[in-house]
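Please see the structure below; I have some questions.
Chain naming follows the written order as A, B, C and D, and within any one chain the residues start at number 1.
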(Lines give C-alpha, C1' and ligand atoms only; values in the text may rest on other atoms or scores of the structure.)
Protein backbone atom coordinates (compact mmCIF):
# COMPACT_ATOMS: atom_id res chain seq x y z
CA UNK A 1 0.00 0.00 0.00
CA UNK A 2 1.46 3.40 -0.93
CA UNK A 3 1.82 5.88 1.89
CA UNK A 4 -1.13 8.19 2.41
CA UNK A 5 -0.83 11.61 3.94
CA UNK A 6 1.02 14.87 4.11
CA UNK A 7 4.07 16.11 6.01
CA UNK A 8 2.61 19.37 7.31
CA UNK A 9 -0.61 19.79 9.29
CA UNK A 10 -2.31 22.44 11.38
CA UNK A 11 -5.06 22.43 13.99
CA UNK A 12 -6.28 25.98 14.51
CA UNK A 13 -8.58 25.21 17.43
CA UNK A 14 -7.18 23.94 20.68
CA UNK A 15 -8.57 24.00 24.19
CA UNK A 16 -8.23 21.55 27.05
CA UNK A 17 -11.03 22.06 29.58
CA UNK A 18 -9.60 22.26 33.07
CA UNK A 19 -12.47 20.38 34.67
CA UNK A 20 -13.70 16.82 34.35
CA UNK A 21 -16.46 15.04 36.17
CA UNK A 22 -14.48 11.82 35.93
CA UNK A 23 -10.85 10.95 36.50
CA UNK A 24 -11.27 7.76 34.48
CA UNK A 25 -8.53 8.23 31.86
CA UNK A 26 -11.04 7.44 29.09
CA UNK A 27 -13.39 10.17 30.28
CA UNK A 28 -11.15 12.94 31.56
CA UNK A 29 -11.46 16.09 29.43
CA UNK A 30 -8.79 15.84 26.80
CA UNK A 31 -7.71 16.89 23.36
CA UNK A 32 -5.88 14.62 20.96
CA UNK A 33 -4.07 14.65 17.66
CA UNK A 34 -4.50 11.22 16.16
CA UNK A 35 -1.59 10.53 13.85
CA UNK A 36 -1.57 7.66 11.37
CA UNK A 37 1.72 6.54 9.86
CA UNK A 38 0.70 4.14 7.11
CA UNK A 39 4.17 3.93 5.63
CA UNK A 40 5.40 0.40 5.23
CA UNK A 41 8.87 0.83 6.70
CA UNK A 42 9.60 4.46 7.63
CA UNK A 43 9.31 5.82 11.15
CA UNK A 44 7.59 9.20 11.32
CA UNK A 45 9.55 11.75 13.33
CA UNK A 46 6.94 14.26 14.35
CA UNK A 47 7.44 17.75 15.76
CA UNK A 48 4.61 19.77 17.25
CA UNK A 49 4.66 23.53 17.79
CA UNK A 50 2.02 25.09 20.02
CA UNK A 51 0.79 28.62 19.29
CA UNK A 52 -0.95 30.93 21.73
CA UNK A 53 -2.89 34.17 21.58
CA UNK A 54 -0.58 36.28 23.66
CA UNK A 55 2.88 34.75 23.86
CA UNK A 56 5.54 33.10 21.74
CA UNK A 57 5.06 29.58 20.47
CA UNK A 58 6.35 26.64 22.50
CA UNK A 59 8.08 23.63 21.08
CA UNK A 60 9.05 21.55 19.40
CA UNK A 61 7.36 18.72 21.19
CA UNK A 62 8.52 15.47 19.66
CA UNK A 63 6.93 12.10 18.98
CA UNK A 64 7.85 9.06 16.94
CA UNK A 65 5.23 6.96 15.18
CA UNK A 66 6.57 3.60 13.99
CA UNK A 67 5.71 2.45 10.47
CA UNK A 68 2.22 0.90 10.16
CA UNK A 69 1.12 2.31 13.49
CA UNK A 70 -1.13 5.08 14.76
CA UNK A 71 -0.58 7.32 17.74
CA UNK A 72 -3.45 8.79 19.73
CA UNK A 73 -1.45 11.71 21.10
CA UNK A 74 -3.13 13.57 23.96
CA UNK A 75 -2.07 17.18 24.25
CA UNK A 76 -2.76 16.70 27.97
CA UNK A 77 0.27 14.44 28.14
CA UNK A 78 2.77 16.76 26.46
CA UNK A 79 5.23 17.88 29.13
CA UNK A 80 8.50 18.55 27.34
CA UNK A 81 9.47 21.42 26.98
CA UNK A 82 6.43 22.37 29.14
CA UNK A 83 2.82 21.28 29.81
CA UNK A 84 -0.02 22.71 27.71
CA UNK A 85 -2.00 25.08 29.93
CA UNK A 86 -5.65 24.21 30.61
CA UNK A 87 -8.58 26.50 29.88
CA UNK A 88 -6.43 28.32 27.32
CA UNK A 89 -6.92 28.65 23.56
CA UNK A 90 -4.04 27.37 21.50
CA UNK A 91 -3.29 26.07 18.01
CA UNK A 92 -0.77 23.55 16.74
CA UNK A 93 1.36 22.82 13.72
CA UNK A 94 2.40 19.21 13.26
CA UNK A 95 5.27 18.34 10.95
CA UNK A 96 6.58 14.93 9.99
CA UNK A 97 9.51 13.74 7.90
CA UNK A 98 7.26 11.22 6.12
CA UNK A 99 3.58 11.48 5.12
CA UNK A 100 1.09 11.01 7.94
CA UNK A 101 -2.60 11.73 8.48
CA UNK A 102 -3.75 13.90 11.40
CA UNK A 103 -7.22 14.17 12.93
CA UNK A 104 -8.20 16.39 15.84
CA UNK A 105 -10.57 15.29 18.60
CA UNK A 106 -11.75 16.73 21.90
CA UNK A 107 -13.69 15.06 24.66
CA UNK A 108 -15.19 17.60 27.02
CA UNK A 109 -16.36 16.15 30.33
CA UNK A 110 -16.92 19.30 32.32
CA UNK A 111 -20.47 18.01 32.42
CA UNK A 112 -21.58 14.40 33.14
CA UNK A 113 -22.95 14.39 29.59
CA UNK A 114 -19.73 14.41 27.63
CA UNK A 115 -19.42 16.37 24.39
CA UNK A 116 -17.23 15.40 21.45
CA UNK A 117 -15.83 17.17 18.45
CA UNK A 118 -13.55 15.96 15.69
CA UNK A 119 -12.21 17.16 12.38
CA UNK A 120 -9.55 16.25 9.93
CA UNK A 121 -6.69 18.68 10.42
CA UNK A 122 -5.65 21.14 7.70
CA UNK A 123 -2.96 19.70 5.49
CA UNK A 124 -0.34 21.84 3.85
CA UNK A 125 2.45 20.33 1.81
CA UNK B 1 -23.65 12.68 -13.21
CA UNK B 2 -19.87 12.18 -13.24
CA UNK B 3 -18.47 10.13 -10.37
CA UNK B 4 -17.37 12.11 -7.35
CA UNK B 5 -14.71 10.98 -4.95
CA UNK B 6 -11.30 9.47 -4.46
CA UNK B 7 -9.94 5.94 -4.31
CA UNK B 8 -7.84 6.27 -1.16
CA UNK B 9 -9.04 7.54 2.21
CA UNK B 10 -7.79 7.56 5.79
CA UNK B 11 -9.43 8.05 9.18
CA UNK B 12 -6.73 8.73 11.77
CA UNK B 13 -9.05 8.64 14.78
CA UNK B 14 -10.85 5.49 15.73
CA UNK B 15 -12.35 4.37 19.02
CA UNK B 16 -15.39 2.26 19.77
CA UNK B 17 -16.56 2.84 23.35
CA UNK B 18 -17.12 -0.47 25.08
CA UNK B 19 -20.15 0.72 27.00
CA UNK B 20 -23.59 1.84 25.94
CA UNK B 21 -26.58 2.81 28.01
CA UNK B 22 -28.85 1.37 25.34
CA UNK B 23 -28.80 -1.81 23.31
CA UNK B 24 -31.12 -0.27 20.74
CA UNK B 25 -29.07 -0.73 17.55
CA UNK B 26 -29.59 2.93 16.68
CA UNK B 27 -28.19 4.06 20.03
CA UNK B 28 -25.47 1.56 20.86
CA UNK B 29 -22.02 3.18 20.91
CA UNK B 30 -20.62 2.77 17.44
CA UNK B 31 -18.26 4.12 14.86
CA UNK B 32 -19.00 4.18 11.16
CA UNK B 33 -17.38 4.86 7.83
CA UNK B 34 -20.10 6.09 5.53
CA UNK B 35 -19.14 5.28 1.96
CA UNK B 36 -20.91 6.79 -1.03
CA UNK B 37 -20.50 5.18 -4.43
CA UNK B 38 -22.05 7.69 -6.83
CA UNK B 39 -20.75 5.91 -9.92
CA UNK B 40 -23.46 5.18 -12.43
CA UNK B 41 -22.58 1.57 -13.16
CA UNK B 42 -19.40 0.44 -11.34
CA UNK B 43 -19.41 -1.53 -8.12
CA UNK B 44 -16.90 -0.26 -5.56
CA UNK B 45 -14.71 -3.00 -4.15
CA UNK B 46 -13.51 -1.60 -0.87
CA UNK B 47 -10.69 -2.83 1.34
CA UNK B 48 -10.16 -1.54 4.86
CA UNK B 49 -6.94 -1.86 6.83
CA UNK B 50 -7.01 -1.21 10.57
CA UNK B 51 -3.92 0.25 12.28
CA UNK B 52 -3.14 0.09 15.98
CA UNK B 53 -0.73 1.74 18.37
CA UNK B 54 1.17 -1.32 19.44
CA UNK B 55 0.69 -4.14 16.97
CA UNK B 56 0.65 -4.90 13.27
CA UNK B 57 -2.26 -3.76 11.11
CA UNK B 58 -5.19 -6.10 10.54
CA UNK B 59 -6.96 -6.60 7.26
CA UNK B 60 -7.99 -6.32 4.62
CA UNK B 61 -11.61 -6.17 5.62
CA UNK B 62 -13.73 -6.16 2.49
CA UNK B 63 -16.98 -4.55 1.44
CA UNK B 64 -18.80 -4.02 -1.84
CA UNK B 65 -20.85 -0.90 -2.50
CA UNK B 66 -23.12 -1.23 -5.54
CA UNK B 67 -23.26 1.66 -8.02
CA UNK B 68 -25.54 4.53 -6.93
CA UNK B 69 -25.65 3.28 -3.36
CA UNK B 70 -24.23 4.27 -0.01
CA UNK B 71 -23.01 2.01 2.74
CA UNK B 72 -23.15 3.00 6.39
CA UNK B 73 -20.41 0.61 7.50
CA UNK B 74 -20.15 0.14 11.26
CA UNK B 75 -16.69 -0.81 12.44
CA UNK B 76 -18.53 -2.64 15.23
CA UNK B 77 -19.76 -5.12 12.65
CA UNK B 78 -16.40 -5.97 11.07
CA UNK B 79 -15.58 -9.53 12.05
CA UNK B 80 -13.47 -10.94 9.24
CA UNK B 81 -10.49 -11.42 9.67
CA UNK B 82 -11.18 -10.40 13.31
CA UNK B 83 -13.41 -8.06 15.36
CA UNK B 84 -12.24 -4.51 16.11
CA UNK B 85 -11.39 -4.33 19.81
CA UNK B 86 -13.44 -1.96 21.96
CA UNK B 87 -11.96 0.82 24.09
CA UNK B 88 -8.87 0.80 21.87
CA UNK B 89 -7.49 3.55 19.65
CA UNK B 90 -7.16 2.59 16.02
CA UNK B 91 -6.98 4.19 12.59
CA UNK B 92 -8.11 3.01 9.18
CA UNK B 93 -7.17 3.25 5.53
CA UNK B 94 -9.99 2.67 3.06
CA UNK B 95 -9.21 1.90 -0.57
CA UNK B 96 -11.59 1.44 -3.46
CA UNK B 97 -11.14 0.48 -7.09
CA UNK B 98 -13.47 3.31 -8.16
CA UNK B 99 -13.96 6.80 -6.68
CA UNK B 100 -16.01 6.95 -3.49
CA UNK B 101 -16.59 9.47 -0.71
CA UNK B 102 -15.91 8.55 2.93
CA UNK B 103 -17.15 10.27 6.08
CA UNK B 104 -16.37 9.24 9.64
CA UNK B 105 -18.95 9.32 12.44
CA UNK B 106 -19.06 8.16 16.05
CA UNK B 107 -22.03 7.91 18.36
CA UNK B 108 -20.93 7.62 21.98
CA UNK B 109 -23.67 6.41 24.32
CA UNK B 110 -21.63 5.63 27.40
CA UNK B 111 -23.82 8.31 28.92
CA UNK B 112 -27.62 8.69 28.50
CA UNK B 113 -26.86 11.99 26.76
CA UNK B 114 -25.28 10.71 23.57
CA UNK B 115 -22.37 12.54 21.97
CA UNK B 116 -21.67 12.69 18.25
CA UNK B 117 -18.68 13.51 16.11
CA UNK B 118 -18.24 13.47 12.37
CA UNK B 119 -15.67 14.54 9.80
CA UNK B 120 -14.95 14.01 6.19
CA UNK B 121 -12.11 11.51 5.98
CA UNK B 122 -8.71 12.45 4.53
CA UNK B 123 -8.54 11.75 0.83
CA UNK B 124 -5.32 10.77 -0.86
CA UNK B 125 -5.22 9.89 -4.54
CA UNK C 1 -14.63 39.50 -3.64
CA UNK C 2 -13.97 36.59 -6.02
CA UNK C 3 -16.33 33.67 -5.70
CA UNK C 4 -15.24 30.91 -3.32
CA UNK C 5 -16.30 27.32 -3.63
CA UNK C 6 -16.85 24.35 -5.88
CA UNK C 7 -19.70 23.16 -8.06
CA UNK C 8 -19.83 19.55 -6.89
CA UNK C 9 -20.13 18.35 -3.30
CA UNK C 10 -20.92 15.13 -1.48
CA UNK C 11 -22.05 14.27 2.05
CA UNK C 12 -21.54 10.57 2.64
CA UNK C 13 -23.26 10.46 6.04
CA UNK C 14 -26.92 11.21 6.34
CA UNK C 15 -29.43 10.27 9.03
CA UNK C 16 -32.45 12.13 10.35
CA UNK C 17 -33.42 10.78 13.78
CA UNK C 18 -37.13 10.08 13.88
CA UNK C 19 -37.54 11.21 17.46
CA UNK C 20 -37.16 14.57 19.13
CA UNK C 21 -37.81 15.61 22.69
CA UNK C 22 -38.88 19.03 21.47
CA UNK C 23 -41.07 20.22 18.64
CA UNK C 24 -39.49 23.67 18.83
CA UNK C 25 -38.29 24.09 15.24
CA UNK C 26 -34.84 25.10 16.48
CA UNK C 27 -34.52 21.91 18.54
CA UNK C 28 -36.28 19.23 16.51
CA UNK C 29 -33.86 16.56 15.29
CA UNK C 30 -32.70 17.66 11.89
CA UNK C 31 -29.97 17.47 9.33
CA UNK C 32 -28.90 20.39 7.17
CA UNK C 33 -26.75 21.23 4.22
CA UNK C 34 -25.64 24.81 4.67
CA UNK C 35 -24.93 26.32 1.27
CA UNK C 36 -23.09 29.60 0.83
CA UNK C 37 -23.32 31.41 -2.50
CA UNK C 38 -20.70 34.16 -2.23
CA UNK C 39 -20.94 35.07 -5.89
CA UNK C 40 -21.55 38.75 -6.46
CA UNK C 41 -24.30 38.47 -9.03
CA UNK C 42 -25.03 34.85 -10.03
CA UNK C 43 -27.86 32.79 -8.61
CA UNK C 44 -26.84 29.26 -7.68
CA UNK C 45 -29.17 26.63 -9.12
CA UNK C 46 -28.62 23.65 -6.88
CA UNK C 47 -29.65 20.05 -7.44
CA UNK C 48 -29.50 17.43 -4.71
CA UNK C 49 -29.52 13.69 -5.30
CA UNK C 50 -30.17 11.39 -2.36
CA UNK C 51 -28.54 7.94 -2.26
CA UNK C 52 -29.68 4.99 -0.18
CA UNK C 53 -28.30 1.63 0.85
CA UNK C 54 -30.86 -0.54 -0.79
CA UNK C 55 -32.74 1.33 -3.49
CA UNK C 56 -32.21 3.70 -6.40
CA UNK C 57 -31.31 7.33 -5.77
CA UNK C 58 -34.06 9.92 -5.51
CA UNK C 59 -33.92 13.36 -7.05
CA UNK C 60 -33.12 15.83 -8.18
CA UNK C 61 -34.33 18.01 -5.37
CA UNK C 62 -33.90 21.63 -6.38
CA UNK C 63 -33.02 24.84 -4.58
CA UNK C 64 -31.98 28.31 -5.61
CA UNK C 65 -29.53 30.36 -3.58
CA UNK C 66 -29.48 34.04 -4.58
CA UNK C 67 -26.11 35.75 -4.99
CA UNK C 68 -24.52 36.88 -1.70
CA UNK C 69 -26.84 34.72 0.33
CA UNK C 70 -26.63 31.49 2.33
CA UNK C 71 -29.24 28.78 2.59
CA UNK C 72 -29.59 26.58 5.66
CA UNK C 73 -31.32 23.74 3.84
CA UNK C 74 -32.92 21.14 6.13
CA UNK C 75 -33.17 17.71 4.59
CA UNK C 76 -36.25 17.35 6.82
CA UNK C 77 -38.00 19.90 4.63
CA UNK C 78 -37.30 18.28 1.25
CA UNK C 79 -40.59 16.98 -0.09
CA UNK C 80 -40.34 17.10 -3.86
CA UNK C 81 -40.07 14.51 -5.44
CA UNK C 82 -40.56 12.76 -2.05
CA UNK C 83 -39.72 13.24 1.67
CA UNK C 84 -36.44 11.90 3.06
CA UNK C 85 -37.25 8.91 5.26
CA UNK C 86 -36.42 9.17 8.96
CA UNK C 87 -34.19 6.71 10.82
CA UNK C 88 -32.61 5.72 7.51
CA UNK C 89 -29.01 6.09 6.36
CA UNK C 90 -28.58 8.11 3.20
CA UNK C 91 -25.97 10.16 1.37
CA UNK C 92 -26.23 13.18 -0.88
CA UNK C 93 -24.56 14.75 -3.88
CA UNK C 94 -25.05 18.49 -4.26
CA UNK C 95 -24.35 20.17 -7.58
CA UNK C 96 -24.48 23.83 -8.48
CA UNK C 97 -24.04 25.76 -11.68
CA UNK C 98 -21.80 28.28 -9.91
CA UNK C 99 -19.27 27.77 -7.08
CA UNK C 100 -20.77 27.37 -3.62
CA UNK C 101 -19.56 26.09 -0.25
CA UNK C 102 -21.39 23.25 1.54
CA UNK C 103 -21.21 22.24 5.19
CA UNK C 104 -23.11 19.38 6.81
CA UNK C 105 -24.67 19.60 10.27
CA UNK C 106 -26.93 17.39 12.36
CA UNK C 107 -28.76 18.23 15.54
CA UNK C 108 -29.90 15.10 17.35
CA UNK C 109 -32.52 15.72 20.02
CA UNK C 110 -33.66 12.18 20.69
CA UNK C 111 -32.36 12.96 24.16
CA UNK C 112 -32.97 16.19 26.16
CA UNK C 113 -29.22 16.73 25.93
CA UNK C 114 -28.87 17.51 22.26
CA UNK C 115 -25.88 16.29 20.29
CA UNK C 116 -24.32 18.09 17.34
CA UNK C 117 -22.02 17.14 14.51
CA UNK C 118 -20.70 19.16 11.60
CA UNK C 119 -18.18 18.80 8.82
CA UNK C 120 -17.26 20.53 5.65
CA UNK C 121 -18.64 18.41 2.80
CA UNK C 122 -16.36 16.71 0.29
CA UNK C 123 -15.72 18.90 -2.73
CA UNK C 124 -15.16 17.46 -6.14
CA UNK C 125 -14.72 19.67 -9.18
CA UNK D 1 9.02 26.87 9.55
CA UNK D 2 7.35 27.81 6.26
CA UNK D 3 3.93 29.39 6.57
CA UNK D 4 1.00 26.98 6.44
CA UNK D 5 -2.43 27.96 5.26
CA UNK D 6 -4.53 29.75 2.69
CA UNK D 7 -5.68 33.34 2.26
CA UNK D 8 -9.37 32.64 1.59
CA UNK D 9 -11.71 30.59 3.78
CA UNK D 10 -15.43 30.00 4.12
CA UNK D 11 -17.69 28.65 6.86
CA UNK D 12 -21.08 27.82 5.38
CA UNK D 13 -22.77 27.00 8.69
CA UNK D 14 -23.23 29.66 11.30
CA UNK D 15 -25.66 29.91 14.20
CA UNK D 16 -25.27 31.43 17.64
CA UNK D 17 -27.88 30.00 20.02
CA UNK D 18 -29.60 32.80 21.87
CA UNK D 19 -29.87 30.88 25.12
CA UNK D 20 -27.28 29.57 27.53
CA UNK D 21 -27.70 27.83 30.85
CA UNK D 22 -24.51 29.46 32.06
CA UNK D 23 -23.13 32.98 31.84
CA UNK D 24 -19.64 31.68 32.58
CA UNK D 25 -17.74 33.03 29.54
CA UNK D 26 -16.28 29.59 28.90
CA UNK D 27 -19.73 28.01 28.79
CA UNK D 28 -21.97 30.62 27.21
CA UNK D 29 -23.30 29.47 23.82
CA UNK D 30 -20.85 30.74 21.24
CA UNK D 31 -19.42 30.23 17.83
CA UNK D 32 -15.78 30.81 16.97
CA UNK D 33 -13.44 31.02 14.04
CA UNK D 34 -10.05 29.93 15.28
CA UNK D 35 -7.38 31.55 13.14
CA UNK D 36 -3.75 30.45 13.21
CA UNK D 37 -1.10 32.75 11.78
CA UNK D 38 2.03 30.60 11.70
CA UNK D 39 3.99 33.10 9.65
CA UNK D 40 7.32 33.98 11.19
CA UNK D 41 7.12 37.74 10.81
CA UNK D 42 3.98 38.87 8.94
CA UNK D 43 0.86 40.15 10.65
CA UNK D 44 -2.34 38.72 9.20
CA UNK D 45 -4.89 41.39 8.36
CA UNK D 46 -8.16 39.51 8.35
CA UNK D 47 -11.51 40.61 6.97
CA UNK D 48 -14.73 38.74 7.68
CA UNK D 49 -17.92 39.07 5.66
CA UNK D 50 -21.15 37.67 7.12
CA UNK D 51 -23.82 36.30 4.76
CA UNK D 52 -27.48 35.82 5.60
CA UNK D 53 -30.45 34.06 4.08
CA UNK D 54 -32.61 37.06 3.43
CA UNK D 55 -30.56 40.24 3.42
CA UNK D 56 -27.33 41.69 2.10
CA UNK D 57 -24.01 40.67 3.59
CA UNK D 58 -22.53 42.67 6.45
CA UNK D 59 -18.89 43.59 6.77
CA UNK D 60 -16.07 43.71 6.60
CA UNK D 61 -15.36 42.91 10.20
CA UNK D 62 -11.63 43.25 10.81
CA UNK D 63 -9.09 41.48 12.97
CA UNK D 64 -5.32 41.38 13.14
CA UNK D 65 -3.45 38.24 14.09
CA UNK D 66 0.21 38.87 14.94
CA UNK D 67 2.84 36.55 13.50
CA UNK D 68 3.24 33.26 15.39
CA UNK D 69 -0.04 33.74 17.20
CA UNK D 70 -3.55 32.27 17.08
CA UNK D 71 -6.82 34.10 17.57
CA UNK D 72 -9.88 32.38 18.98
CA UNK D 73 -12.37 34.83 17.45
CA UNK D 74 -15.89 34.58 18.85
CA UNK D 75 -18.56 35.71 16.43
CA UNK D 76 -20.48 36.68 19.58
CA UNK D 77 -17.97 39.46 20.12
CA UNK D 78 -18.12 41.02 16.65
CA UNK D 79 -19.79 44.40 17.01
CA UNK D 80 -18.39 46.59 14.25
CA UNK D 81 -20.12 47.35 11.88
CA UNK D 82 -22.94 45.55 13.78
CA UNK D 83 -23.50 42.57 16.12
CA UNK D 84 -24.23 39.13 14.68
CA UNK D 85 -27.87 38.33 15.39
CA UNK D 86 -28.61 35.33 17.62
CA UNK D 87 -30.80 32.39 16.61
CA UNK D 88 -30.16 33.25 12.97
CA UNK D 89 -28.43 31.20 10.28
CA UNK D 90 -25.45 32.88 8.70
CA UNK D 91 -22.27 32.04 6.83
CA UNK D 92 -18.89 33.72 6.69
CA UNK D 93 -16.01 34.33 4.33
CA UNK D 94 -12.66 35.02 5.94
CA UNK D 95 -9.87 36.59 3.93
CA UNK D 96 -6.31 37.32 4.97
CA UNK D 97 -3.39 39.04 3.30
CA UNK D 98 -1.07 36.20 4.37
CA UNK D 99 -1.74 32.45 4.71
CA UNK D 100 -3.67 31.42 7.81
CA UNK D 101 -5.58 28.34 8.96
CA UNK D 102 -9.23 28.59 10.01
CA UNK D 103 -11.29 26.13 12.05
CA UNK D 104 -14.94 26.53 13.00
CA UNK D 105 -16.31 25.56 16.42
CA UNK D 106 -19.62 25.97 18.20
CA UNK D 107 -20.43 25.38 21.85
CA UNK D 108 -24.17 25.08 22.40
CA UNK D 109 -25.22 25.43 26.02
CA UNK D 110 -28.94 25.84 25.61
CA UNK D 111 -29.01 22.65 27.66
CA UNK D 112 -26.93 21.89 30.79
CA UNK D 113 -25.31 19.13 28.75
CA UNK D 114 -23.31 21.21 26.32
CA UNK D 115 -22.91 20.11 22.71
CA UNK D 116 -19.89 20.80 20.54
CA UNK D 117 -19.16 20.80 16.85
CA UNK D 118 -16.02 21.64 14.93
CA UNK D 119 -14.70 21.42 11.39
CA UNK D 120 -11.86 22.75 9.38
CA UNK D 121 -13.23 25.59 7.25
CA UNK D 122 -13.30 25.38 3.47
CA UNK D 123 -10.16 26.83 1.94
CA UNK D 124 -10.16 28.53 -1.41
CA UNK D 125 -7.03 30.13 -2.83
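Note that in this section a residue touches a chain if its C-beta (ideal position, glycine included) is under 8 Å from a C-beta of that chain, and two chains touch if they have at least 3 such contacts.
The structure presented is a predicted model; accordingly, all values stated were derived computationally and were not measured.
J.: Residue numbers at the subunit A-subunit B interface: does the shared fraction exceed half, giving same, or fall under half, giving different?
T.: Mostly different residues: under half of the interface numbers shared.
J.: After a C-alpha superposition of subunit B on subunit C, what does the rotation angle come to, in degrees rounded to the nearest 5?
T.: The two chains, subunit B and subunit C, differ by a rotation of 90 degrees.
J.: Can you work out the whole-Å distance between the CA centroids of subunit A and subunit D?
T.: 21
J.: Using mean C-alpha positions as chain centres, tell me how far subunit A is from subunit C in Å, no decimals.
T.: 30
J.: Which subunit A residues reach two or more other chains?
T.: 112-113, 115-120
J.: Under the stated contact criterion, what part of subunit C meets subunit D in this complex?
T.: 1-2, 4-5, 26-27, 32, 34-36, 38, 68-72, 100-103, 105, 112-120, 123
J.: Taking the touch rule as given, give the residues of subunit A at its contact with subunit D in the complex, in rising order.
T.: That would be residues 8-15, 17, 49, 51-54, 56-57, 87, 89-91, 93, 95, 104, 106, 108, 110-113, 115-122, 124-125 of subunit A.
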